[in-house]
Amino acid sequence: MNVLAFTAPHVDYHALAPEIILTTTLIVVLLVDLASERNRALLGTLAGIGLLASMVPVLTLAVDGTDRFVLSGNPSYVVDNFALTMKALFIVAGYIVVLLSTNYVAEGDYYEGEYYFLLLTSVLGMVVMASSRDLISIFIALETLSIPAYMLATWRKRDPKSNEAGLKYYLMGVFATSIMLYGMSLLFGVTGSTVLVDISASLGSGTTPIVTLGIVFCVVGFAFKVSAVPFHTWAPDTYEGAPTPITAFLSVSSKTGGFVAILSLIFVGFFGQHDVWEPMMWALAVLTMTVGNLIALRQTNVVRLFAYSSIAQAGYILAPLAVAGELSTRQESLSAVVIYLLIYAAMNLGAFGVIIAVARKTRSAELESFNGLFEYAPGLTVVMTVFLFALAGIPPLAGWFAKFEIFRATANAGTGAGYVLAVFVGINSVIALFYYARVAQAMWMQSAPDGDRTPVRVPPALVGALGICVVAVVVIGVYPQLVAKVGDMATFAFT
Amino acid sequence: MILHWVWLMPAIMATSFVVILLLGKRMPKKGAEVGIAAVGLCFVIALLSAGSWITRVNDASGGHTVKEQVATAEEHGASEEAAAAEVEEAHPPVQPVVTERNWFESGGVKFTIGTLVDGLSVMMFIVVTIISLLVHIYSTDYVRGDRRYTHYFAFLSLFTASMLMLVMSLNTVQFITSWELVGLCSFVLIGHWFEEKPNSDAALKAFIMNRVGDVGLLVGMITLFWAADSFDILKINTLANSGGIDHLVLLVAACCLTAAVMSKSGQFVLHTWLPDAMAGPTPVSALIHAATMVVAGIFMVARLYSVFFHGLSIGSGNTNLLAVIGGVTVIGGAGLAFVQNDIKKVLAYSTVSQLGYMVMALGVGAWTAALFHLFTHAFFKAGLFLGSGSVAHSVHSFDMKEDMGGLKRFMPKTFWTFAICTVALIGIPPLAGFWSKDEILAGGHELGVHNVYETFMIVGIIGALMTAAYMTRCVYLTFFGEPRGAAADPHHHPHESGPLIVVPLYILAGLAIVTGLANFPWGPDGINLRFEYFVQPVGDYFPTLGVITFNPYVAVFSTLAGATGILLAYLYWFRGAFHGATSRNKAARAGYTVLLNKYYFDHLYTDIIVGDIKGPIARASYWFNQNVIDAVVNGVGVGSREAANFLYGTVDQGIVDGAVNGSGFGAEGTGQLLRRLQSGKVQQYGALLFGGAVILAGILVFTL
Amino acid sequence: MLLNEFLLLGAALFAIGVYGVLVRRNGVMVLMSIELILNAVNINLIAFGALHHTVVGQVFALFVITIAAAEVGVGLAIVLMLYRNRSSIDLDQIDAMRG
Amino acid sequence: MENFLNHWGLTLAVFIPLIGAALMMVIPRAREDLHKWIALLTSAVVFGVTILIASYFDYDNSGQLQFVVNRSWIDAINSRYIVGIDGISLPLVLLTALIVVSVVIYSWNHWPDPKNPKAFLILTLILETGMIGTFVAQDLILFFVFFEVVLLPMYFMIGVWGGERRLYAAIKFFLFTLFGSALMIVSFIALYFLAKGPNGQPLNTFSMLELNNAQGIAHTTQLLIFGGMFIGFGIKVPIFPFHTWLPDAHTEAPTQGSVILAAILLKLGAYGFIRVAIPILPEAAESWAPWIALLAVIGIIYGALCCLAQTDMKRLIAFSSVAHMGFVMLGIATLTTFGLNAAVMGMVAHGLITGMLFYLAGSIKERFHTLEIRRLGGLLLQAPRMGWILGFCAMASLGLPGLAGFWGEFPALLASYNPAEGLSEPLFRVYLVVGALGTVFAAGYLLWLLQRTAFGVPKEEWEGEHFHDVEAPEWIAWLPLLLLIVVIGFFPNIVFHVTDTAVQSALSGVQTLTAAK
Amino acid sequence: MILGATMVAQHITFGIIAAIVIVGALRVVTTNNVVHAALWLVAVLSGVGGSFILLGAEFVGVTQILIYVGAIVVLFLFGIMLTRAPIGREVNLTGSSWPMGLVVAIPIAGVLAYTLIDAFGTDHIGNDTRQLTAQVSDTLFQNYLIPFEVVSVLLLAALIGAIVLARKE
């Protein structure tokens, strides 16, 4: 038996450029950190620049527009419109998180270099996730974005809360991963391949128990990532305990990462098995939005409240997937999800930005600490109000269009289940308003605790982050065509 | 031609309203002069229009020949039918003068605004303008120095404007509008002294009870609109006449409108606001609650007579709603008048009962009679009110029992005018009241098959008797006997009122004497039955009515009734007859001597009448009035208030609102419950994770 | 050989692992139990690889082993830090945040 | 000029307020006078623009949309920026512009706590954008957006500047409306997918014009879709039993807030029925009409009775709104030109009259520091002018002929005597009678209010206190409204002439339906 | 003949391995002594490695032994010592929550068993299951190049992060 000759695969470096740039950046950050103890301030900037740099190839690729395999003839890692859109989202979100972190990390003495290093690694994992089209890549990407996140969550080493947050996140993450792996192993066992296109080819349509089991377990792994009920339990505790910028990162980027995986799996991998995942998504969506909203009603800690809010939001995002099984509805649902993810990123990051800014003065995230904000920080209050009601979906703030797309996608199916789901979303968005409004109430309609009117100093980095988010939210809200277009373009190639 | 310009009158009055309201306070006479000038102007216009209407009628019926026929008809004393025929042809249709402008358009329906002038409206112009003018003048003295002097005159103007508007309105929308406006003015003027709660109560009562009637008005008018597909009163009448409208519809409409009549014209059982309305200044009572506004209901029936005539099938001579209501009111009102000590209340109830006559007359088809009575009544009742005002002006009270008596010698002018008006009201020939009331009775006697309406004649005569009696009582208590209370106050004796008050009294008294002749039954052509001739419309928009000729028997009988009433009252009060058990015998003797022993029945007769009417019946009816009707009305108010409280307290705040909040709490409660899931123990989370996964998988695996 | 021999072995291992992670109070023990689950996965992968005559199964298994190592490393680090702050690694006591 | 108006008129009317607001945002809070002037100027300019539009408006075919602008907006969902104005919108737009100006003027020296004119006026202007936008939007999504835009400012107005229970009231208002609009948007989307053109091809559009008389929707589906809109609009109107947010909102809101709420916000719902629900789904409208009418008359009586039970002046006026909007809905439910005319007229009249009443309540509160009816009294003695104005408004509100209110109620009743073909006449005649009875109650509670506040003598606690009568800003803010009440009362044609043909085209669907029968 | 013999041999070896693995695993999750648990884990991991070799994946089998037994278990022991878990007997390693564990674990076992049997009832694995390690490396570097590279970054991150977290302040 002769040893077969090894032929090195041809790599499309242009397509791989974002990942490469990111990797170099994170190594540079690490080295700089090692090299000098003094200019820590540099690190954040460096990370930011690196992220922006990695945005360049994304744009060039978008301009170029051709869908391509990164390894010649290998459909397991591709660059298509969907991948590009998501990469862009991850990178920008990562950039905003860096902005949010700059002062936060600098002022409470943390390991700064390692912080950015891990952050970038996690972003790298997400960027990889966007392109991954086979089980192993997805698995690796997932771990790459998770493991650093576990550690970042517990970054405030001396704070037991932070430890607890990290531990819970870690353990739950590992549990979920193990379930997912088992599912993947089954799928591999049935189809003999890990590449999604091959899997869908050999699965055809229809399902068998083993396939069902595999799919369910796979999806559960990511349902955990997007904190869908009943796999959401880690989120509130982790969000509360973790450093706030990381909370923002988890609630936006890593959640989006989970959705990206789910999308690639069900749209590319086992689209034919929609009668498995459609009902699953339906149940998850309804459970998630309802439970999330209901528990959120009772929260007194803003971060925790936002944790539940982001759980509920995940429920909305899952909704279109419950009807995405038909070729007629597939694209609608996909773009609905993508649009929601884009808008949600802007809204949520912004909100956390304000929370960080306020906490700089109040050193607390309790709802009371927001009382009377309008009296001493009208600017922040208005901005926060914008984000809150965007999340609630009040026109003309971006959120309304996101919700609208959900309604549209669910109604599009024309099935009873679809309309019922739409009504669920409607009722839930009303419940949600109640707690968003409570925050607004605290800021506008309560008076400042012991009349402390000293203004809040907002560092430039934070101002930048908030600026980006506010502009995005308002502009998109008034002229949604911007994202609508992106949403329609973001399609999977090679399915 | 002036008849096209009558709209000037309301226009003038409205302007005067605005002017007084805005500039009145800065004027030397605080705006009164503007009002008086305006009304004076209107009076002139009214006279002119009357003149030109008369010529119009004469021209239409082309000179003398016709009248000769009438005359001959009369002379030959031909049978009534013949006479009727004669009169019919003698009086060819005179088209009313219509001026019309587009108002607005909605849903393809044109709403027009304009004036409809015929004998009826012209007659009303005269009444309204005269009384209003006199009241204006009278008021300058009566309410002198009142803190809201200017507003008072402003609203007098507004009232006159709306009243004139009402009587000249061309279509029902216009009619409703002005109908409500007069109501508003009455509200404002009754509540003129709103500082005291009773006054404002009275005002509210008046307005709200009228609102009740207005429901009927609205519904009725709406029904008529859809029936005739027009608001035009003439069109509605014409259609109703030509049978163009289904009888049932007419009936419904008529009944609904009757409700409006009841409230506006103080008919039983919606009359209770009228006495209370006396809380307003006396001139206002004279103008609004005696002479003009309260007859608006009568006017409406007269205006839409075809509707009522056919709707209630008056022609068929059966008893009907209007007649019955009228009848009841005549007696009820009169009975109530007995037991009042407040002079204005007496007059108020008297007004109620007189309005009852008019409604009854319309009910039996005696159109002209009703309107004629309206005409005469306006003057002498206004006279009475102003007289009572003059009295009150000097004794500062309306209580006859407490603060009056023997005023005859202090204020003779007032006394004489008051007396004349009283006699006119009682209906002693040759004063106004006699002629008009007599016609009503005659109508009751002569119209209708099998003389069903005789009943109403009897009612009328009884009413006449009672009227006579209570008015005599009133006069006695006021002007005769010994001064009491304020009247006896040694420090300042009651004094005759000034010219501004007395002159109007003279005028009204004079009118009370002469106006009766306006429909003088005999005499040469061109003199007799002028009122009927000019006022009663003839044409396809008006039903053909039976003709009423003067009936001497009825006349005599009613006069006797009146006289008896006076006599009995005289005996009772002036001579103190019939007091106690013994007095009965005296009464017997007195009756005996007076009536030249007519088989002793007079003893029984008078006994029963006087005794019962003055006693139980009156008291009973008053009790009924205060405790039942009024109670019911107030009860409705209170009841709805209570219902409201319950509805608001329990239903709205409790159930409807509660449901919503409840769901809110429910949501929070569930939230609270679900939080238990979040135990904080990582391994329970894990259990949830694995459990959830396996349940999901299990369900899907085993179901798919 | 029957494929199911291996698969069922894997399944058993998986279930036992799940039991372990849910009931062991000591953090380190929980990590050990996780290793059981991951090994169950690996057995599946290798067995299926053998079934389909492809090495992908083995490649996958290698990746899993590597990641497992990394995870354990991180996990132990976290547990260690936890121990430093509260000198106990009893998971039942870690419920400062709830609700 | 006209050309310019055609292209920019409505857009300007809608967005000028935003420009003003943006300008004010950058000006420091301390410079209150500057803020006042900017706000006044802005609203005045908007009013001017609307006047211009009205003057160039072609009244002969007010049924046609005019000043139409149709630009691409969200192509992805085929929703476009379509604004246009016709006889139904025009009066409401004018009313809105007028009310806002008057509110700004009134605000000159009436500042609810916490003062902060800057924020208050900015919110007012944003409100104006939302309201005018709703009235001119001709695309369902655009309509929806504007419809929602008004929520936030009003929420903050109530919540920040409101009274005792302002938090509760504000959130209640917000939640109710949002709930409605959630169902509403679902209905809109259902229309988007289900509506078919004349030859059966799916329309997939949100443009109201194209959706009018949309074909090919199963009857039951129509009913459901209409139901969604019914709740959406009905809550805003508000129709019994969705009205409970209204008393709280009105009572707690600052004077200006209540005025805007009563005068305009309530109209959005009824307007929605006329503009959206009925033309697009005539069939469903016909099936729903009896029920809407039923709820309407219930509202009339119910609102009136609740008024009788009130001890707080403002709350009483609030409940009176329920009753009055009942008449509006009754008019709409008849599905006749008459009824819809009456409805629009009713909206305008109610806007002016109830707006005035709330102004008065505000000014009274400012002087007496309470609206407890039993503590008030003798207003006519202490502030006679205000007392007379109160009396005037009360009369107007109880539908006295010759004043605006009457033309909202009487034609509505008139119309319900015989409603559109296919609606049960006896039923609607019963409604007619019940509604007519409502007018009695109206007289009852309003006069009762008048008696207890204006009549009588002042209570001991105010003995000898001197209150300044109506002041300059109040006069300037109120006179236009008062005059309009009279003018419209005498020349209803001002409104009817504009709406008449417009509502006919709105009803064309229903008419074709009946014609088919 | 030989074939049959090998088959028998395979079955017997598998039986032994399976027994070791199951028993070991059960002890790992039940024993009340931390160190014993670690040792039992060694048994399990070795057994699994054996089953790999039995399936003809020698390379993976060897890697398994090296990494797990050689590295990971050592890590565990370090962990055990650093967290001062009492070395001797200890009573409460299993919390009172063991019923919960069963409630979850048994259904899982059930579902898995059901589906597996349903799917691969009596599928046989061909006898020649051996694959060349070279193939493994080729596939790794041809098809899974990117994951491979990413894993390197990931390991670096895990390393550094772990150090930061675990180091004393």
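Letters are used for the chains, namely A, B, C, D and E, taken in the order the chains are written, and counting of residues starts over at 1 for each.
Just so it is clear, a contact is a pair of C-beta atoms (placed from the backbone, for glycine too) under 8 Å apart; a residue touches a chain by one contact, two chains touch by 3 or more.
Predicted model only: the values in this text are computed from it and were never measured.
Q: What chains do chain C and chain E have as common neighbours?
A: A, B
Q: From chain C, count the fewest steps through touching chains until chain D is reached.
A: Between chain C and chain D, the shortest chain-hopping route counts 2.
Q: What's the chain with its C-alpha centre farthest out from chain C?
A: Measuring from the centre of chain C, the most distant chain centre belongs to B.
Q: Between A-D and B-E, which chain pair is linked by more C-beta pairs in contact?
A: So, comparing the two chain pairs, more contacts are at A-D.
Q: Could you pull out the chain whose C-alpha mean position is farthest off from that of chain A?
A: Between chain A and every other chain, the largest centroid distance is to B.
Q: Taking each chain's centre as the average of its Cα atoms, which is closest to the average over all protein Cα atoms shown?
A: Per-chain C-alpha centroids compared to the overall one single out D.
Q: Determine the centre-to-centre distance between chain A and chain E, using the mean Cα coordinates as centres, and give it in whole Å.
A: Using C-alpha averages as centres, the distance is 32 Å.
Q: Please compute the C-alpha centroid of chain A, do the same for chain C, then give the distance between them in whole Å.
A: About 26 Å separates the centre of chain A from that of chain C.
Q: I'd like to verify one number: the distance from the centre of chain B to the centre of chain C, where each centre is the average of its C-alpha atoms, in whole angstrom.
A: 99
Q: Could you give the separation in Å between the centres of chain A and chain B, each centre being the mean of its C-alpha atoms?
A: The answer is 81 Å.
Q: Pull out every residue in chain C that's touching 2 or more other chains.
A: Residue numbers touching two or more other chains: 7, 14, 17-18, 21-23, 27, 30, 47, 51, 56-57, 59, 63, 67, 70-71, 74, 77-79, 81, 91-92, 94-99.
Q: Provide the list of chain E residues touching at least two other chains, using ranges where the numbers run on.
A: Within chain E, the residues that touch at least two other chains are 95, 97, 100-101, 104-105, 108, 111-112, 114-116, 120, 135, 143-144, 147, 151, 154, 158, 161-162, 165.
Q: Residue numbers in chain A touching 2 or more other chains?
A: 136, 139-140, 143, 147, 151, 154, 157-158, 167-168, 171, 175, 189, 209, 212-213, 236-237, 298, 434
Q: Could you list each pair of chains that touch, in label order?
A: A-B, A-C, A-D, A-E, B-C, B-D, B-E, C-E
Q: State the interface residues of chain B toward chain A in the complex, per the touch definition above.
A: Residues 664, 667-668, 670-672, 674-675, 677-678, 680, 682, 684-686, 688-693, 696-697, 700-702, 704.
Q: Spell out the residues on chain C that touch chain A in their complex, using ranges where they run on.
A: Against chain A, chain C makes touches at 7, 14, 17, 21, 27, 30, 34, 37-38, 40-41, 44-45, 47-48, 51-52, 54, 56-57, 59-60, 63-64, 67, 70-71, 74-75, 77-79, 81-82, 85-86, 91, 94-99.
Q: Taking the complex as given, what residues does chain A use to touch chain B?
A: So the residues of chain A touching chain B come out as 167-168, 171-172, 175-176, 179, 207, 209, 212-213, 216-217, 220, 224, 230-231, 233-234, 236-237, 275-276, 279-280, 283, 291, 294-298, 431, 434.
Q: For chain D, which residues count as touching chain B in their complex?
A: Counting only chain D, the residues touching chain B are 172, 175-176, 241, 243-244, 302, 305-310, 336-339, 341-342, 378, 380-381, 395, 400-402, 406, 410-411, 413-415, 417-418, 432-433, 436-437, 439-441, 443-444, 447-448, 451, 454-457, 491-493, 496-497, 500.
Q: Considering only the defined contacts, which chain E positions touch chain C in the complex?
A: Contact set of chain E toward chain C: 7, 10-11, 14, 18, 21-22, 25-26, 28-29, 34, 37-38, 41, 44-45, 48, 51-52, 54-57, 59-60, 63-64, 67-68, 71-72, 75-76, 78-80, 82-85, 92-95, 97-98, 100-102, 104-106, 108-109, 112-113, 116-117, 120-126, 129, 131, 135-136, 139-140, 143-144, 147, 151, 154-155, 158-159, 161-163, 165-166, 168.
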